[in-house]
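The letters A, B, C and D name the chains in turn, as written, and every chain counts its residues from 1.
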Amino acid sequence: MGMVCLSDFEAYAKKYLPKIAWDFFASGADDCSTRDENILAYKRIRFRPRMLRDVSMMDIRTKLLGTEISFPVGIAPTGFHQLAWPDGEKSTARAAKAMNTCYIASTYSTCTLEEISAAAPGGLRWFQLYIHRNRAVSQQLVQRAEALGFQGLVLTADLPYTGKRRDDVRNGFRLPPHMKLKNLEGAFEVCKMSLLDPSVTWNDIYWLRSLTHLPIIIKGILTKEDAELAVRHGVQGIIVSNHGGRQLDGGPATIDALVEVAAAVQGRVEVYLDGGIRKGSDVLKALALGAKCVFIGRPALWGLAYKGEEGLQEVLRILQDEFRLSMALAGCASVSEIGPHLVQFSKL
Amino acid sequence: MGMVCLSDFEAYAKKYLPKIAWDFFASGADDCSTRDENILAYKRIRFRPRMLRDVSMMDIRTKLLGTEISFPVGIAPTGFHQLAWPDGEKSTARAAKAMNTCYIASTYSTCTLEEISAAAPGGLRWFQLYIHRNRAVSQQLVQRAEALGFQGLVLTADLPYTGKRRDDVRNGFRLPPHMKLKNLEGAFEVCKMSLLDPSVTWNDIYWLRSLTHLPIIIKGILTKEDAELAVRHGVQGIIVSNHGGRQLDGGPATIDALVEVAAAVQGRVEVYLDGGIRKGSDVLKALALGAKCVFIGRPALWGLAYKGEEGLQEVLRILQDEFRLSMALAGCASVSEIGPHLVQFSKL
Amino acid sequence: MGMVCLSDFEAYAKKYLPKIAWDFFASGADDCSTRDENILAYKRIRFRPRMLRDVSMMDIRTKLLGTEISFPVGIAPTGFHQLAWPDGEKSTARAAKAMNTCYIASTYSTCTLEEISAAAPGGLRWFQLYIHRNRAVSQQLVQRAEALGFQGLVLTADLPYTGKRRDDVRNGFRLPPHMKLKNLEGAFEVCKMSLLDPSVTWNDIYWLRSLTHLPIIIKGILTKEDAELAVRHGVQGIIVSNHGGRQLDGGPATIDALVEVAAAVQGRVEVYLDGGIRKGSDVLKALALGAKCVFIGRPALWGLAYKGEEGLQEVLRILQDEFRLSMALAGCASVSEIGPHLVQFSKL
Amino acid sequence: MGMVCLSDFEAYAKKYLPKIAWDFFASGADDCSTRDENILAYKRIRFRPRMLRDVSMMDIRTKLLGTEISFPVGIAPTGFHQLAWPDGEKSTARAAKAMNTCYIASTYSTCTLEEISAAAPGGLRWFQLYIHRNRAVSQQLVQRAEALGFQGLVLTADLPYTGKRRDDVRNGFRLPPHMKLKNLEGAFEVCKMSLLDPSVTWNDIYWLRSLTHLPIIIKGILTKEDAELAVRHGVQGIIVSNHGGRQLDGGPATIDALVEVAAAVQGRVEVYLDGGIRKGSDVLKALALGAKCVFIGRPALWGLAYKGEEGLQEVLRILQDEFRLSMALAGCASVSEIGPHLVQFSKL
């Protein structure tokens, strides 16, 4: 079975994953309109490709907060990788390292941070944090991550409560008994996400700042107002994200929100994006509209479901090849040549 | 059978109601384009959700003309509840009271106003009025309602004649013999709605005013011109409504008309909306665009059809939970924080 | 079988007419996109209905060039009515007279003008003219029509050649041997429409003017430039028409073109429309946007196919009832109250 | 089997060609969205047809760089015609000559330039060039073409690398062993297109200029910036093209890009278009928006697949008849009367 594009991995995962796991990964909130918009919005953006530029030497590398990665696609934080593949986040870490890109490990990993670190020593990793009501739990996680060499701290801002994903409710979704949220074990019983703290505010950025020397990246920003607040509160990066359409249904596609956020930020901090990336040309569109890098969520899980770290590497390699080709066909030989002149919003 | 969202109740009602009753409740006028637009229009509105605001204490209460309700969703006036559930409007009244919200009882109820009052003493209720050619009938209804403790009088303005609902014509719809328009019994034979008075004008607001001390709410306004007239004629509230798309097909979705009406009214009277509410986030959009409260029509009937007052309570509880969650995910801890900054109209 | 709306007649005709006749009536040019746009364009127009206006006395009459008709819907010129019903245009004439409206008889009728006149003496009729290469033929037709009491001359401007209707090509469409283009019999062999004159220009209006005292109405105008030319050449009326989408595929829907034409004409001559009228509310939209009257083509043929003159009367009666109801629900008691304030173009 | 419109040929080709050949001709890059947009974009353009203009004498001829052709539709360069019909490009050349139009022969022909020339002596032909890493190969091709009487040199600018056509990857597409890229035989092994030179820039236009007296036409321009560069580098013509949607998926429809390019060029050089032409009215739209001529790619291959040169002639004849009829119905008697006043972009 030859995997040609990311949809092939999606079809595989849908066919071979247990329904409850597929549904958990696939579902969006309510009517899934934001989840679907994330993808549809790319189709309304048209390239303005330039011809007869020397694209014989292609350089698709970029830097995340100063650290070089092989191309501007990283792994977004998603939970429960063991639902997709027995080795779980260890496989994810190995694939990301092999492809020389960044992996954002989730608080809700089914492997410990220590296992993740040991699986792929020296890989570029950031740690994604939910702030718990019991702040000591969060503090300890941050400090463990820093000690283990994680190089960034990603604060998820859009989950004061969990979105309503109808399929999960219908399925009565919960982790199988042999899987654990290992990073939270011992701290408390964490099956219920209601232990997250819905009273978190911008001031908690200062608290986080006091805990760690790691750069802080805020994830879940969709408006210029919040982008401005993020910059003012001293974050180093912003991930434009709607949590894959799993939180507030009816929010904007991330590629649409990116335009507003990038215009507000004006290069003061790095801006990234996740949501709806399915082809190399989607990456190119996101970069043209102001993203320094994008992160993939569900496609990474499909890759894991297909063949673990090997499958995820294949997903990344396909995206890399497609991105390089799209760049060349648009007339860009390096990411520094990508800019807003490359795209326009279609009337339809 | 777990009911997760309002569509589940719709599917149930479609399956278990007699076709003639389902058709009566479901049908819109002509091609049903306005009925369908009521729902589609919400999908063109995008949230601009705000992050990192303290949403640990959620307050979703609001007030209708000074009276507190538990959340900004009431029961719109619809006729013939016994078609959905044997206890008819008595069940509706009980559910509304149990959920601490407002129920607008229809002139075309299959229970008397007295039965409705007795079923749920002390509940917040308004009475919906059609003006009949025989004004004495209407006068008597208004005064009965006031005497029974109804707290508002809702004048329906968009039914000088009944819209053309093709399915009802094909089905030869009429009430089964064991059901009656009980509030009109004895007054005259009322099977034909043609006894309604199509000569009603704005001046009749003054006539109504002379009959009762109740606040007058006008239902069916869709333009700024009529909103201005309503305010000038001294109404206390306006329900932006197209009668669920059952009257003039081709009119605007109510959520679209709300923008125009709210801009004209400028807060001088309260503005409400019915039509197309299917999720808690729809309620949030309506409030963001200027509604003080929304009312549900068909979803209430689906709830009744499912399990009478218990089913309707379940519908309301789901909407309440979804509304609270949407508010929180949009960054609002109380309804006073909801405003037009929360939404934008999408280009598509 | 109860006929509730015009679609019911369409379904009947599609089921019971010979395929070759159905295809001939139904087909549009090329991809049929203009034919379909004629209908879709109405769905993009939204009413702005006004409430609480006295609509107890409805007056839906209008005047065509000074002659009163019962409501603003006439019969557009279409050919070959015997394909739909044995009595052909005689039935059409009777139905139009019975409903007190205007029938535009086509050059390509399968009954003679004399038969049409005799079938419904005193009915309001206009005669539709194609100009033939042999001008004597056209002159004779015009003068016969005038002598028979036809009250208007409708010059079709959009058929220098016949549009490409794929189904007719596939079917090898031609009239069955027992039907004739009776008005042209004896003059010449007319099976081929190529006898029409593609060199006709605006100056031929002057020639027509010299032949007859009848008012001249020009049919097929879609631009402001041609509307201006029509007025300057002294016509009494303009029918905005794209020949039911049967000529140039890709032209505008007539309801869209009406806006441009009405703005150019500024009331100097009467403006009418045909194309896409399927409901009473479509008529109301056309009048709101500047049409004095509309004409129905295919729906008239469906009515004939159903039950001859009786079927066509039923079509007209349904349209009349729907139009009256739409007017009332929009707050208009007479056609003089209809205006552009009643509608807006939707964003979608 | 009567062929009425180009879709009939498409259906035939899809049914009778080997799947691998059909897929190769049909496929676009990635999601095929640009391929499909090429067609959809025409549907958003509306004619503004003019009436009562003398269209009895129709003149549909035009000139390509001074050479008259029978109507403004030529054959775009496409590869591997033997996949469609045994005689391959020889049949194409014969059909183009018979219809008195221009055929652009591809570098990737399965017949030699000499065979093509001999098949239809005196026909108007241009030669399409890919520039190879080994410039001597390209030089020799250009000089052979010129010597053989080809009258134009078409440089393809949009293929520094081959686009990702998923079906070709899945099918493992390659030419059957009995077919050869005959023009490149002996020069080197050319199964791999990677021998194309991705370092080509605008300066290579000067190099080409130095090799030949032929006019140079550049193919693949989609932006005003590149159009300006093309003019400044001295080309004689520009073909607005996205390679049938086979290169960068997400680029604009060519009919949309034409507007931008024609506005930039301002008549300084001739502008042509390929992509999405399926009807005579599409040709008319392209000319109205500034194209001097259009070229057909896939439809020519369908014609070949149907009946070789005879089939391709039939395709061209149908387009010619449709184009002439569309012109007449739009009120144009010669191509010089076609202009931007004939069209408008629809709101939908």
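In this section, contacts are C-beta pairs under 8 Å (C-beta built on N, C-alpha and C of every residue); 3 or more make two chains touch, one makes a residue touch a chain.
Small disclaimer: the values here were computed from a predicted structure and weren't measured.
Peer 1: Along the graph of touching chains, what's the shortest path length in steps from chain A to chain C?
Peer 2: 2
Peer 1: At the chain C/chain D interface, shared numbers over all numbers used: above half (same) or below half (different)?
Peer 2: Mostly different residues form this interface, as fewer than half of the numbers used are common to both chains.
Peer 1: Nearest 5 degrees is plenty: how much rotation brings the CA atoms of chain B onto those of chain C?
Peer 2: Resulting rotation angle: about 90 degrees.
Peer 1: On a C-alpha centroid basis, what's the spacing between chain A and chain B, in Å?
Peer 2: 42
Peer 1: Counting in whole Å, what is the centre-to-centre distance of chain B and chain D, each centre being its mean C-alpha position?
Peer 2: Taking the average C-alpha coordinate of chain B and of chain D, the gap between them is 60 Å.
Peer 1: So which bits of chain D are touching at least two other chains?
Peer 2: As it turns out, chain D has no residue touching two or more other chains.
Peer 1: Spell out all pairs of chains that touch, sorted by label.
Peer 2: A-B, A-D, B-C, C-D
Peer 1: What residues of chain B sit close enough to touch chain C in their complex?
Peer 2: Answer in residue numbers: 30-31, 33, 44, 157-158, 160-161, 163-164, 166, 169-170, 197-202, 204-205, 218, 220-223, 225-226, 229, 247-252, 345.
Peer 1: Which residues of chain C touch chain B in the complex?
Peer 2: The contact residues of chain C facing chain B are 2, 4-5, 42-43, 45-56, 279, 281, 285, 321-322, 325-326, 328-330, 344, 346-348.
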